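After this come two complexes, each holding chain A, first together with chain B and then together with chain C.
Our next item is the complex of A and B:
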C-alpha cells in the first residue's frame, strides 16, 4: 500500500477560530463539516494536594454533551481525550500542577469525537503549553459492501458495518489513539489505518494554516 | 532487597528488567499468564464463571428477569453488562459511586460484546411487544492485577455459553406468564470474542510491547489500564482500542494482531474444554 494513492483525499471543510473565549488560557472553536465543538484549556493551575503528581502535570478533562445528563459514554470520551493529550503534552515540565480541558459539544453531525480531539489540540496550541507533538484525529466508516468512507456523515455512520477512528502524531505519524466499533477484517483495518494516516496530513496542514493566520511572524 | 527497590525507585527497577529482556515476573515480552477458568462457579446465579488470569480474578454471574420490550424495539430483549471494581480488588478504588476508570472499563466491555454481535437480541424476545428476557450480567473483580478487560470478556462469554433459558408460555388474553423451569434450552451464542491486552513501554531505543500486562507494568507504561486492546471474534476483528502509552511503530502493528489472534485461539480452546 502506497500512501501516494490516497493523495486526492478531501476531508470535510474545517473552520476554526482561536481565542474564542476571553477568560481561558487557550480556547478554540472548530467546525468539521457541520459538527462543531468548543474547547477551552486552563493551566498549569494549582490543584488540591491529593491529585497532585510529583512526576508530571495532572490532566483533567470535562466533556459536556449538548443536551441531557452526563452519562457513561461521556466518561469514555473524556478518557480518550485525556490519554491522547497526556502523550502530546510535555507534562514533566509542570509537576505538581493541574491542566484542565473543557470541551463543549455544540453540534453533532457525525465524527464528534475526532472533531473534539482536533479542537482540543488547537486549544492546547493556543494556550502555549509545551507539547511533544500535535495530534490529528481522522475517522472512517466501512459500509456493508466493504468500501471505506473517510469522514463519514451522520447517515453513513448509522448504516455502516464498522467505524474506525485514529489519532496520529505529527512527527512519525505513528498511532497515538485508536478506537473502533463494529466487525471488520484485518485487511480492512490495515487499509483504513493507512488511508487515515495519509489523510492526517491535511489536518496537520490545516493546523499550520490556522497558527499562521494568528501569528504573523510565522506566516 | 528488590522489593524495597521496587517501592523507592519503580521506574529504574522496571527499566533494569526490561533492558535484560525479561519482565519483573520472569515472563518474556510476548508471554501471557496462565488462565484458570471455572464455569458455574456460583450455584444461585442462572449462569456464572470465574476466571483467574495470573492474579487477576473476575467472577461473572448472570441473572434472568422478564420485562416488557422497549416500544421502539418491540422484538428485542435486553443484555445488560456491568463491571464492578470494588475497593477489594485494588487500593486504587474507593467505596462509593464507580470511578471514571470503572465506568470506562464497563463501557468498553459492553461495547465489545455489542460489537461482536455474539448474542442476537431477537432470541431474547418471547412475545413481540409483550415479553422479553433481560440478561443481567454482573462481573465483579476480586483481584485486579492488570488486563482486566480480557478477563471480563472471557468470563462473560463462558457464562453466556453455559446459560440456558427456561421455557415460557404467555397467554395473550389474560397476560398470564408461566415459566417452566424443568424445560430449558441453551442460549444461542454465535462467535466467541476474545480480547487481548498489551502495554507499550517507551524505552529510549524502541517501543517494547508487553502482552497481558500486570497492573505494575500498566502503570509503568503510563496508561490508565492497558494501552492496546485487540479483540478477535473467529477470524474477524471486533474492536481495536489504543489509549495512551507509547506509540505503536508501524512495523510491529501486524505482529501484534497476530499475537492476539494466536491467544484468541488458545482462549477459545480453554473455554471449549471448560464447558465440555
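Our next item is the complex of A and C:
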C-alpha cells in the first residue's frame, strides 16, 4: 500500500562500467549522480592458514578514502560492506580461500556508502563468484520539518536531522543491512524503509541492464 | 524474479521451467545453477541456456579459474616435492601432478620436467575440499596431446574467451588455420599456449584471439582476413 504511493520517483542517474581494471578478477566503476566509487574483487585466492575458515571463504574488505589516510569511519564502512557481502556470496562453495574486495572512493557528493555497496555488488557480478542474491542499497534523509528525501545531496545530508540507509536482497526484498544516524521517530523509520524498498527495484533493474549490455557477445 | 531460458539473469532469480522438467525426467544443472528447497536458483550473472534434452547452465563472465573435473588446463610447474610436482593452474591453490602420471613413466624412469615448464594436463580430482590433482595421460595410459609444452608463448585471457574459441561454431580457429600454420593449446583455466614459425606470426595469432573476445562471428572472419593480409603483405 505504501509502495503504491511512491511509484513516480527517480534515483540519481547511475552510470557503470564493468571490468574497468584489467588485472583484477572483477571490477566496476559506478557513478550515482556525482558520487563515484571504484571497486575491485580478487578471489578465491590462497590465504595464510591462520585466517582460513574450514566452512566458508574469508572475506576481506579494504576501503580507501580519497584523502588516503585511513580512519575510524572507514573501518565502519568496511564492516558494513563486509557483512553485507557475506550474506550475498555463497562462501560455502569456496572453503579455505580468501576473497578480497578493494573499494576506492573517487568523488563524494552524498550517498558514498550506498554507492560503495552497489559498486561492490556490480564488481562481484563481474567476478563470476557464486552469489545467493544481489543487493541494492538506497539511502534517504529526514530534514528538520520531517520530510523524507530519497537519495539526498551533500548539502541535504549536512542539514538533515537524520540519515537512513538500507540494503535489500533481490529475492524477497528483505532488509539485509540498515544503518542510521541522527534522531527520528519509529513512524519515520518505517516510512523510509518502505520508500527505499520500493526504490531498490530501480537499482535491480539497473543491474540487469548493465549485465544485458555485455551478455550478447560472451557466449 | 522468475526467469525463462535465454533471459539475462542475476543471482537470486529462479527458473520454474527447470523444476517442471525435473518432475518428468532427470535434469543436469550446469555452472551457475543451484537447487534449493523450493526452486532452482541462479548464482551467476549472465544468460540462462538450455541444451536439449535436459541440460541447463548460465553463460557468465569470469576471469578467475575454479577447478572442475576432466577439464584440460595449462599449468606452470612451480615446485618439485618428493614424487609430486606442484603446478600453478591459476586457481586458489596449486595442483598436484604425480611423476608417475606421464606416459611410460616408472619409478626408475622419471619424466623430464623442470621447474618453470609449461604443462598441458587434465584435471583428475577437483573438489572444493581437496587439493586438485592433474594427470598427463588418458585412461589408456597414452599421453595423447597432454604433456610438457616446449617453446611457444603463453598468455592469459578470460575463461569465457576460451569457451568461445573452443566452441565448434566459432569461426576464429577455422579462419586462422587456413592462413598460416601454428600450434595452439587452450586451457580451460584461461591460459593459451601458441607456437608459430616466426615471432611475427605468433604475435598475430595472439592478437587475433584476444581481439575476438567482444566480436560477433562475422566480425571475427573479417578480422582474421585483415590480419592475414597485413601479415602476408609485410612478409613477402
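We take it that the second predicted complex is superposed on the first by the 214 of 219 C-alpha atoms of A that agree within 3 Å, B and C clash if a C-alpha of one lies under 4 Å from a C-alpha of the other, contacts with A are read in each partner's own complex, and residues count from 1 in each chain.
The criterion applied here is as follows: a contact is a pair of C-beta atoms (placed from the backbone, for glycine too) under 8 Å apart; a residue touches a chain by one contact, two chains touch by 3 or more.
Note that the structure is a prediction, hence the values are computed from the model and not measured.
By the document's definition of touching, neither partner reaches A:13: not chain B, not chain C.
By the document's definition of touching, of the two partners only chain C reaches A:212; chain B does not.
Contacts of A:189 after superposition: chain B is touched, whereas chain C is not reached.
Residue contacts after overlaying the shared chain place A:86 against chain B, while chain C stays out of touching range.
Of the two partner chains placed by superposition, only chain B is touched by A:78; chain C is not. With both structures placed on the common chain, the touch criterion links A:146 to neither chain B nor chain C. In the superposition on chain A, contact of A:169 is made with both chain B and chain C. When the shared chain is aligned, chain C comes close enough to touch A:132, but chain B does not. More residues of chain A lie in contact with C than with the other chain of the pair chain B and chain C. Contacts of chain A with chain B, set against its contacts with chain C after fitting on chain A, overlap at residues 169. Chain contact summary for the complex, chain A toward chain B: residues 72-73, 75-76, 78-80, 83-84, 86-87, 164, 169, 172, 174-186, 189-190, 193.
Partner chain C is touched in their complex by these residues of chain A: 18-19, 25-26, 42-46, 88, 90, 93-97, 125-134, 169-171, 204, 207-208, 211-212, 214-215, 217-219.
Interface residues of chain B, counted against chain A in their complex, comprise 100-101, 103-104, 106-108, 111, 115-117, 222-224, 233, 235-245, 247-250, 253-254, 257.
For chain C in complex with chain A, the touching residues are 1, 8, 10-13, 32, 34, 41, 43-47, 49, 59-64, 66, 91-93, 128-129, 159-160, 164, 213-216.
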